[in-house]
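Okay, here's the structure, questions in a sec.
By written order: A, B, C, D and E. Residues from 1 in each chain.
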Amino acid sequence: MLLALNNVEVVYDRVFLAVKGVSIEVPDRGLVALLGANGAGKSTILKSISGLLKPERGEVSRGEVLFNGQPIVNLDPPERVRMGIVHVLEGRRVFGQLTPAENLIAAASMHKDRGHVNALMDKMFTLFPRLAQRAKAKAGYLSGGEQQMLAIARALMTEPKLLMLDEPSLGLAPFLVDEIFDIISRINAEQGVSVLLVEQNAIAALDVADSAYLIENGRILMGGSAEMLKSNPDVAEAYLGGSHQSDYHAVKHYRRRKRWLA
Amino acid sequence: MSTSPTMMPTPQKPIVLTCHDIERSFGGLKALKGVSLNVHEGEIFGLVGPNGSGKTTLVNVVTGFYPPNQGTITLFGENITHIEPHQIARRGIARTFQNLALFKGMSVLDNILIGRHIHMHPSALGSFFYWWGAQKEELANRRIVEEIIEFMQLQDIRDEPVEAVPLGLQKRVELARALVAEPRFLILDEPMAGMNQEEKEYIARFILDAREERGVTILIIEHHMDVVTAICDRIVVLSYGEIIAEGEPRQAISQPQVIKAYIGERAAQRQMKGAAI
Amino acid sequence: MDFFLIAELVINGVFVGLMYALVSLGIVLIYKTSGLVNLAQGALAMTGAYITWMVGNYFGMPIWISIPAAVVFMFFGGVFIERSALRRMIGQPVIMAIMLTLGIEIALRGLLPGVFGAAVKKLDIGVSPAPLFVGDILINQSIMIGGVVSLALILSSLAFFNSRYGIVMRAVADDQTASWSVGIRVEKAIAVAWGLAAVSATGAGILWGATQGVDWSLSLLLIKALAIAILGGLDSIPGVILAGVIVGVAESLATGVVDPFVQASTRDIVASVIILATLLFKPHGLFGHEHIERV
Amino acid sequence: MEMNRRKFLASTAGAAAAFTVPGMTGQVFAQEKIVRFSFPQDFTKIYTFVTSEYSQGQRDYITLVNERGGIGGYKIIADVSDHANDLPRAIEAYERAKREGAVLIDPLSTPVARALVPRALEDKINLITAYSGRSDAADGTVFPYVLPLSINYWTQAALIIENFRKMEKGDLKGKKIVFVHIDTPFGKEPLPILDVLSKRLGFTLQTFPYTPPGNDQSAIWPQVRRAQPDFVIFWGAGVGQTVALTEAFRNGLKMDRVSSSVWLSESDMDVVGRANAKGVMKVEPCVGGRSPKIIKDILSDVVGKGKGAGPENKVGTGYYNYGVQMASLMVEGVRMAVQKAPNGPVTGAWLNEGLTSIKDFTAEGMLPPTTVTKADHQGGGMGRIARWDGDKFVPVTDWYTAFQDVVWDEIRKYAEEFKKTGK
Amino acid sequence: MFYRRAGIRHTRYEDERQLFPLTFDRVLIIAILVLLLSAPFWVERLYLVGYMVPWLIWSGAALGLNLLMGGAGQIHLGYGAVIGIGAYTSVHLVRFGVPLELAMIAGGLMSALIGSIFGAAALRVKGIYLAMATLAMQYIVDFFTQTKIISGGSLATLQVPPVSFLGISLKGDVATYYFCFGVTFLIALYMLNIRRTSFGRALAAVREKDYAAQILGVSTYRYKLLAFWVSSFIGGVVGSVLAVAYLRAISPDQFHLELSVQLLAMVIVGGLGSVLGPFLGAALILFAPIVLNNALGAAASAFGTDIPIDLRAHMPLLAYGLMIVLFLLYEPLGLAKIYDNFRKYLLVWPFRHAQK
């Protein structure tokens, strides 16, 4: 197993428990999705893996995070990146004042060899030809899709074993969503990079993922293979708002009325 | 209680809020492209759509934080398009925020008391002559606040520092702070984000009660479709700053363009193929 | 008004402004990387000058040894300040960080004169004080060399920012969390920024110390440096050069043109007026592009 | 570090322990006959350039007196502390001094002296304001307990102008004098005197203020140069003085036509460059260097015995000697008081009687003949001009005084004003 | 044991809204007031005039600054200048023959007026930028205070004539002490009252989240300006007290940046937003250098230590700076927080945990 979370708890500001006893596994070369509503704790789980809780005054208060069998909870984010974990943040967060090329160089701070960095950059530009075209512009002026590609390319510069993506489809046009998800599948398949994907767009995510976990209110509600989840009626209920099966809606509605308004 | 969650708006009911052809852009990005809608008195009006579709921007335009680049907003028949938020508050709007905007370092009670601001007469000199000035007003307003505290069932945590209270309760405190201003129009921005089923039900109940007992018109942004369909009278679906559907909730969200923009492209394709979900 | 006088004031103002700009370079470096304004920058300049003087005087080293020694010492001094103090200020209100740097400023003003004596020290870097006239215009050799050296140092810092590590530091300036996420050692980059800020302060301290002598009053360079940093835009190095020249010339002309009319020294409030005017009318400064805390 | 080590005499600091053990020192010294002086001074802020040397001189002289058995059986205790030019600390020091029975206080700071004036007048404690404080305190009728005991800034300005007049063979008509000064109350103080004198003697006066503390005057001196002055007076302290001189030299001004007040020292010259500053003049209120007998005595009896209050190489510097000068005047005051009332009681009034009876005192040739009366607290207004020869300050005039009518007009004007509002 | 919340039940809002709802706190505060009021009868003059009077005055000023910084969250690096404006206005008026009572109010009003101009910057910028703007204004005010018409002639000293307050002459130490005590007491009482009224809550709302305050009907413009107005008014009144009761002769350099920084340090070391904090902070910042200086002197005499005079003289400055640094690093909430922890400990004693 490449990554394993055992019973992880995350606390913000020493008071607010955001993640409660979560256990997750990502196999080597696997593509795993975390699904759930806004604020369910998905991003927090990613941050507990990449170590980015600290700037938000959060910490893993219990449980262990194992990467390649090694505990990493006490490591700083840069050390984890050097082990092969990279995190593409929600909202892309490219370095807006830097050009795409500089974005890539900045992410290669762990490689001493200049030639190696150049080779990696060439690779990225072939993987994302649109970035090569705009290599001289400031990254802040790229379109949303281009920025997302840059964010992924930047992450790949660290030569990760595990690529974590937080809402890569956020705010992108539908055709771009497809493109991004295709790229993610390709990276997973062709380069052998394991992917841990956080998505609200559950259906799109389940389409590409091997397996997935459903997170709600900081807990894992359900986990299993993508096929299994897809066929589970509760998943459809929770993530499609009952918009397809009106009889489900009626049942729930009735139940709800009884509970809420009695 | 006898409210039907599927109560349809009666056309005769007067209009509370009108947005007419609202446009707003940030830098080069057009967040709202000619949005128009009406909210009627006594309605629970839902605003749904994917992240970044302009829901919160619209609410910020209505409450005066981002003056629109184009279009007009009318509240209770009065044009409020370029009015400051604090003046809009005095015209009967209250709102909550997507990412909690409680005042840290203060107790729950004080947080709710601030909600009474527009009904009080704060004065530097009045504080100086507390016993002859402010005390009477403070006590009178305290009574009203206690009513809301009871209504929202916040008695236990009244004196706790607000940041020490669990997130679900903080949401409730924020709702109490909005309600205590006795608004005629209440805007809730994702009041149930990150809540579990039980908490969601609590909030939904408070929302319905607020409408029922206080006659408040409510505009709500929410991602939990079950809740939206259960309590909203009408909804509007936004995508890329445009209204792509509106009407009765269940009907509105089952339209193909909504599925495409909100539920997911591939989901729509699968649905067309008739695959089971 | 005499044309030659104005010309002379402008020329000298340019050089003086560049020397101020070297102090504010450090403020900009720190603001860029960690988003806080270092009010101890003037005191760091003073410290750098004291250390240079100390190496020369106590160990009898020639100036070409004492300057590099002080630069190295101060680099690690800057790193130490960041490590031991400023790093803990992450997440604290702005006022706390401001106050912390003020506290460091006060402590340094107590420490250095306390240890080495309060009397003015002479720091000789080998610039002749003899008059140098170009026609009717006097070029102040000390500040001319100071200005040229400052400009060279600022330009080389610009060049540094295009190097690989420079790009990393700019990335940190742009988005700390994102930098962390791609494996940049953000703390190290910020510590390096502090080190470099201390080095630029040392450079300025040595140049000013050679002009005016070394004592606590070197820490007063702070206000000029702040004015330049704010006018330039707080996060812009080219801004520092232009703003430095503007502040230097404005001060020089205020002294030469305004003072005789008002019979008072307006020099000090030039910096203050520039700060205020910038913040009120163009809070981003001339070149600042980062998000400014506007209401 | 060795050179900067300054020894700290136990006796000088002893009373400071009183804070931790209130009343202790009072008992310890109760058996002895003592006169207590308090020297809270500014070692850390504005007056840093002068305080340590000045204080060293004061303490060395008092040690010398005590080594020789004191004055008429009285030992002199001097409490030294730092008030950092900060009023709460200074007032605390004053109140402590008062409680411990100090009869004299020398704060060596203008702002502190100002705040202490009303208190000292009320408490009848002798406030020494040499080279600081209010210039109008020379009027003893209005300020009975405030004693500058030295030439105030108005007199210093008058002495400088008189010297220029002598250099121009008695006539300044049509000459141009430039006054470069720090833009603080202290810097502006001589202006009224210079104005009156320019009218009376017919010279034109041009003034250039610079921003305190004066570490950058590069825009001032080009203007001075272009004004083509016959004489330049530069008026500041500490770093402002050295920068002024450096700039004057850089601008090619004739250094032998440049003059300063008393605030110019040998270490300033080191900063400027000893050779560059050659020819510069300053006002000397007492003899500088190690030639006076008192300084020689200190070297042999105090410093030589390891009881010096500071590094030996500072003995005999300008500011050190100012300290000795003031201490000798204070001690002379004690001597006169003991003559008048040998058994005390030692009070401020007792010492005041002594101080205002000092007559033609020269401290064995170190001072100009100084006479302090109940009316004149300035001591007669004598000083001289010395010129830097590249190595030391060499006197170029005898002790003299000048334009005291103008000075006293100004003194009375302000004293009158003080009387009107302050009492 | 006496310090208990248990068993205290308030049945009326009035009771619960008392300034000190706990009996023990009330007893404690009354005891302290009695001690302070009787101070002239048992405190030596040295400590009364040298310590208590400046402590009261500086505490009052720090309270005023804390209203702005802790209460409304606005940074101010030029409070010394504001105090100076009040001092100069009232001293000029008193010299002109205006009674002190009026002159104090006028000083407060003038400070409030000019202080609100400082506040205008707060409407444009905040955080670090506001700090810089107020710093710049400190220098600009300094420049104008230096002018002859304000600072008064070539000696630049304005003597304060003997004054009386409500018919009592402020010449003696005791009267002066009570005068300062009264003013600071009123300011402290005001601060306590502000915290339990809508005015104080509105300020806090502006401090914490100005956008949320806006939508609750709080005009951030208005309250930011009001905060500057009120705190400057307090600064002005304290300035006139400082001038007539303590300095007795004022000159521009008494109100320079050092004073501003000193007050800032008091607020921070004492505890942002606390009413108790400024009193503790003022005591520490004012007296630590003095005590240290005296202690060093004592050490020098007792052990004959060989401390160089320059070092000894600079030690208090060094300690002052380090104190600020260490407080910020180890207890950013200041002395008031330390006291609060202690009090909480007492509240639950003999149990260990106060809460959570």
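Just so we're on the same page, a contact is a pair of C-beta atoms (placed from the backbone, for glycine too) under 8 Å apart; a residue touches a chain by one contact, two chains touch by 3 or more.
What you see is a predicted model, and the numbers here were worked out from it, not measured in a lab.
Asker: Using C-alpha centres only, name the chain that sits farthest from chain C.
Answerer: Greatest centre separation from chain C goes to chain B.
Asker: Could you put a whole-Å number on the gap between the CA centroids of chain A and chain E?
Answerer: Whole-Å distance between the two chain centres: 51.
Asker: Using mean CA coordinates as chain centres, what's the gap between chain C and chain E in Å?
Answerer: The separation of the two C-alpha centroids amounts to 33 Å.
Asker: What whole-number Å value describes the gap between the mean CA coordinates of chain A and chain C?
Answerer: Distance between chain centres, rounded to whole Å: 43 Å.
Asker: What is the distance in Å between the mean C-alpha positions of chain B and chain C?
Answerer: 50
Asker: Give me the residue numbers in chain B that touch at least two other chains, ranges are fine.
Answerer: 164
Asker: By residue number and range, which residues of chain A touch two or more other chains?
Answerer: 15
Asker: Residues of chain C touching 2+ other chains?
Answerer: 110, 113-114, 116-118, 264, 268
Asker: Let me make sure I understand the interfaces: which chain pairs count as touching?
Answerer: A-B, A-C, B-E, C-D, C-E, D-E
Asker: With touch defined as at the start, can you tell me which chain E residues reach chain D in the complex?
Answerer: Checking each residue of chain E against chain D gives 44-46, 49-51, 54, 58, 95, 146, 151, 153-157, 159-162, 171, 246-249, 251-254, 258, 286, 289-291, 293-298, 300-302, 304-310, 312-314, 316-317.
Asker: Okay, in this complex, where on chain E does chain B touch?
Answerer: My answer: residues 13-14, 17, 190, 193-194, 196-202, 204-205, 207-209, 211-220, 226, 229-230, 273, 355-356.
Asker: Which residues of chain A touch chain C once you look at their complex with the stated criterion?
Answerer: 50-52, 55, 57, 76-78, 81-82, 86-89, 93-98, 102-103, 105-107, 109-110, 114, 117, 154-155, 157-158
Asker: Report the residues of chain A in contact with chain B in the complex, numbered from low to high.
Answerer: 13, 15-16, 37-41, 167, 170-171, 173-175, 177-178, 200-204, 207, 216-217, 230-231, 236-237, 240-244, 246, 249, 252-253, 256-257, 259-261
Asker: Which positions of chain D touch chain C when the two form their complex?
Answerer: My answer: residues 1, 4, 43-44, 48-49, 51-53, 183, 207-213, 215-216, 218-220, 222-223, 225-226, 238-239, 242-243, 246-247, 249-252, 267-268, 270-273, 276.
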